[in-house]
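Okay, got some structures for you below.
Look at the two complexes coming up: chain A is in both, with chain B in one and chain C in the other.
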Partner chain A sequence: MITRRYLMVRSAYAVATTFVAIIINFLLPRIIPGNPAVTILLTNFHYLPPGKVKLLEQEFGLTNSSMLYQFERYLVELFHGNLGISYYYYPETVSQVIGTHLPWTLFLLGTSISLSSVLGVITGRMLGFRAGSKTESATSTIFIGLTSLPFFWFAIILILLFAVEVPLFPVGGVFYILDTPGLNFKYISSIAYHAALPILTIVATTFPAFALTMRNTMANQNKEDYILMAKAKGLPERIISKKYAGRNAVLPVATHIILAFGYIVAGAFFVEVVFSYKGIGYVLYEAVTTKDYPLIDGIFLMITVTVIIANFLADLLYAVLDPRVELR
Partner chain B sequence: MNEVLLSIRNLNATYNADSNRSIHAIRDLNIDVLRGEVLALVGESGSGKSTMGLSILRLIESPHEIKGNITFNGVDEQVSVFDLDPYKIREFRWKKVAMVFQSAMNILNPVMRVEAQFIDTFEAHGIIDDYDKRINHYLELAGLGKKVRRLYPHELSGGMKQRVNIALALSCEPELLIADEPTTALDVVVQREVLYELRRLKEELNLTIIFITHDLGVASSIADRIAVFYAGRIVEINKKDEITNNPMHPYSKLLLSTAITLKTDKDSVLTQLEGTPPDLSVEIKGCSFYPRCPVRENACKSFTPNDQAKGEWVECIKPGAMNLKEVDNPRGERR
Partner chain C sequence: MFSESGILHEIWSNGKARFGMIVFIIFAIIGIFGHFIYPYSPKATFVIWQPPTFAHVFGTDYEGHDVLSQFLYGTGVSLYVGASVALISVAIGTMVGMLSGYYGGIVDNIFMRFVDILLIMPTFPLLVILAAYLPPTNNTTILILSLLSWPFMSRVIRSQVLTLKERPFIKAAVISGMKGFTIIRKEILDHLMPLIIINAVYLLVGAIVAQAGLAFFGLGDLTSINWGTMLYYAQSEDAIVYAAWWWILPPGIAIAIIGIGANIFGNGITEIFGKRSGGA
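After this line comes the complex of A and B, so read on.
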């Protein structure tokens, strides 16, 4: 049960958290040593033309202005929906950069996390129902190994095996440059083809964690009285496993999954970098290495807001899944 | 009335706690349950009463073991419970024998509405029509309103949950109802209501009830026959009046004298049972009550109970020998 009062208080908290996050987002890139003007000039001219540094600094508003003044300008522009101009993608605006790359990340992560949560819950339920058996302990051990593998290492191994040694899949990229974007089969299959290995990486390294959590809560279900009751009622094992044990065991796992979805916009940083998959994670990597303050700010802000919203939704969904939860 | 509905022969139930410790909760138990009677199983915690109930539904699962023979003489067919295949046992459960469990608080699935827990039971037993009518009917039978259907278990009080359990237990029209301490968690007022309800339903639906309790007062208010359990065996079984007025086994006698009823007069002796029940993980030789028995003698050590199953019996070398007034009981109080 969710009361209106809870919604209001919880929203107020969310707004406050967002504001604090904005302050931190603003400060962080400015603490990093280095000068973006120098970086841009070096990338474009490979030397520093005299006077140009000062000129560029002035153009970006980096000189003669205090931190406080910069922050004030930042807030004002932010509320006008203006995230600034990217240094690296100059003259594209931050919103444009995010706009072009976000869909790829949403596609990649959305598919992977959906697959991995469904797979995790189903395998976890099977493992939990047979907890203690030999197959179960063997599978669980393998799963613990899989969760312990770092994303990027697994990605590199996959590239080595399936893109270099046996060239089944491309080493990187999002689609063939020669393909014409649009709703044609060639383009779509090219996207799927390029996404196969990155999706495999994310699914293989994340679903075992969901499965193990599910296994544990599921194994504990066998001690519950309502499971004994369900058996006594003569319900088929399939129903007991699904509607009784599974339905109750999934509650803690659900929170885990929704929070994972919160990071959907952040992109799987390492995976995108290793596969040169031009999503938000990859752009963030570029932005950080070139000290593209506005772009870093913009991406961080977007991640923060999405995570805050996901947390909010996780709370609400939990109340929907478990009728005993009351949000007052 | 005298037709045997359920006969249990040489039932042994063993709980395997770990590889080197197993508890023999039921030892060579024999009993006949008659159609239409209320049979109360009375005894201390751990004496095997609940285990007998679970054994009838074959709910004792590996690594624990049950052995023996349980025959159920249903109206339409006779079945041997331990020989049923997984599909048949599923059909047998609830349709022939249903159970009201002890822990009313956690017995309902917390995330399903009450009505959904009826519907899945109906579906499992091939009842496909008139869900609404049936649910309302059984809720009403158990003394609940229709509104309860739409509620979740946590929105019900303890008494209401127990009534829902009773309604659920009746929903597939079983021939035998096992009520495992259905009133233990309830306050006395609700307890009385539930007992009254059970008795009424028994008459109305022509049920046979096995009523498990540790409360002799409750047992004597509902039962036709009472079986006294001790250390995994029935030490005495008789008609209710016989047991309550003239118990023959020293244990039954002591158990009775520990209870206070409104009829207890001020001269009667209230005793406390000394000692603890025997360790069921080791084999018991002779009479299991020997260490605690006030009238024990050497012959009791070699006493082997004969395997009776029918009628009334006492597992004692000299039934009725003990006179409470003579018992030297230092903790005994006079009221």
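After this line comes the complex of A and C, so read on.
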């Protein structure tokens, strides 16, 4: 059950947070000391190309000194989807750059999160049903270890093992340069081949956390009366674990996955950097190292808004999935 | 009832918590004394890309720095960043959480609405944009990470204070005429200690990983030697292509060990703490 009040409060928060993100995005370039146009040109080119300062000032909307006027211009441009022009990808606009690279990140994220949640639920269920046994505590300890590994370090180790020492997979990239994009087998298999190690990294570093959540709730479910009843009825353990305890333990895991969404996005970014996988994360890294501020700003806003919306929707979905949850 | 030394004694008597403590003590020793015991200056250069030898136990990197010396030196820097973030966010988070939880009303409302917004905001993009604009020093990194860490801490403390407030011994203190601040300081803070310790440890490790992540992304002070910058240069100078595992392994394994230590320590504390609240 979702009450109207809950819906309104939640959406108010989502809107307020988005607004805070927009304000941060507007203010940061304007509060760094000195003229941002000059600062950025100096860090990029080490001299002031003639005419560029004026051009950039216009780009930032700095020509009129009133902050309020600047903010108004900024909002108008923003709602027209204009996030400015990238320095590094010049003359492409920030929106164009994001548009070309976003699909790769979505592909990487979508595949990894699906695999990792299914794997997490299945292994967690097995662990939960054997809670307290030697195998279980050993596996859980290994899982705790896996969750403690930084994504990017794990990615480096995987490349070292499976792309350099034993060259099974490519060291990086999205597909071979010689492949012709389109719906042909060679292109698609090349994409899958290049995505294998990055996906493996994200799955291996995320599913243990889901499995541990599943294990804990499963272990708690096992103490419930209805499980005792099912056992007394003589139901096979496999059915109890899957259809009884498992069914009820899945929901906390769903919440966990939802809460971890922003964290997984960040993780995927690191993995992209290590594998030179040209998604949004890699582009953000390029933007950071080349001081491409409009691109950094644009990606910040895009990711922030996406994660806020995703969390909001997931929150509602959760209430739909579990009718016992009453969200006020 | 639960004095400071009592808590330490209790932690030490639990196997898991003791394991975590030992891990932290070892790293603290490396962090504090690493500056005095490294075999070479972390900036001295030797033959580049050397695999481990007796002279260079962890080998050398792309510029011929001794990796062991860099690691010993960098541990201190990484721990300094982590400990500072943990200290600042625990201080702010505990203060805000206690005031919010105990007094409620307007104070609570203002603090918690602010905290709500910070909690909804995804952390990573915010970290990146702040670090990209602010001057790249370790202290900036500490500031940014603390800013983003205390809200969660204050939430945890607040909800604990809300339940403590209903317990008989606090009610008794109120009836006996104790002042609000005295109750917070003498009664509530004491009972929050396990929660504060556990969160401080998680914050410490979280900040170490976050700092390493930022550095790996090319953000923060890249001239400082720490676990994060070691990995950043390993990545950007193609240690993978040279298969220089001796350079990549030490900082990553250190992060993993300290992470495992924190998790096991946390489990131990939950065991002690859970038992106590069950018996109370």
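One rule holds for everything that comes next: the second predicted complex is superposed on the first by the 262 of 328 C-alpha atoms of A that agree within 3 Å, B and C clash if a C-alpha of one lies under 4 Å from a C-alpha of the other, contacts with A are read in each partner's own complex, and residues count from 1 in each chain.
Just so we're on the same page, a contact is a pair of C-beta atoms (placed from the backbone, for glycine too) under 8 Å apart; a residue touches a chain by one contact, two chains touch by 3 or more.
Because the structure is a prediction, the values reported are computed rather than measured.
Taken together through their common chain A, the two structures put chain B and chain C side by side without a clash. Residue by residue along chain A, chain B and chain C are tallied for touches, and C comes out ahead. Using the contact criterion defined above for the overlaid structures, shared-chain residue A:25 touches chain C, although it does not reach chain B.
Residue contacts after overlaying the shared chain place A:232 against chain B, while chain C stays out of touching range. Once the two complexes are laid over each other on the shared chain, residue contacts for A:243 go to chain B alone; chain C is not touched. When the two complexes are overlaid on their common chain A, residue A:147 makes contact with chain C while staying clear of chain B. In the superposition on chain A, no contact is made by A:53 with either chain B or chain C.
In the superposition on chain A, contact is made by A:321 with chain B only, not with chain C. In the superposition on chain A, A:106 makes contact with neither chain B nor chain C. Of all Cα pairs linking chain B with chain C in the superposition, the shortest spans 16 Å. Under the contact criterion defined above, no residue of chain A touches both chain B in one complex and chain C in the other. Those residues of chain A that touch chain B in the complex are listed here as 224-226, 228-236, 239, 243-244, 247-248, 251, 321-324. Those residues of chain B lying in contact with chain A across their complex are 57, 59, 89-95, 98-99, 101, 103, 105-112, 120-121, 124-125, 152, 154, 168. Against chain C, in their complex, chain A makes its touches with residues 13-14, 16-17, 20-21, 24-25, 28-29, 32, 141, 144-145, 147-150, 152-154, 156-157, 159-160, 163-165, 171, 262-263, 265-266, 269-270, 273-274, 284-285, 288-289, 291, 293, 296-297, 299-300, 303-304, 307-308, 311. Residues of chain C touching chain A in their complex: 116-117, 120-126, 128-130, 132-133, 205, 209, 212-213, 216-219, 231, 234-235, 239-241, 243, 245, 248, 251-252, 255-256, 259-260, 262-264.
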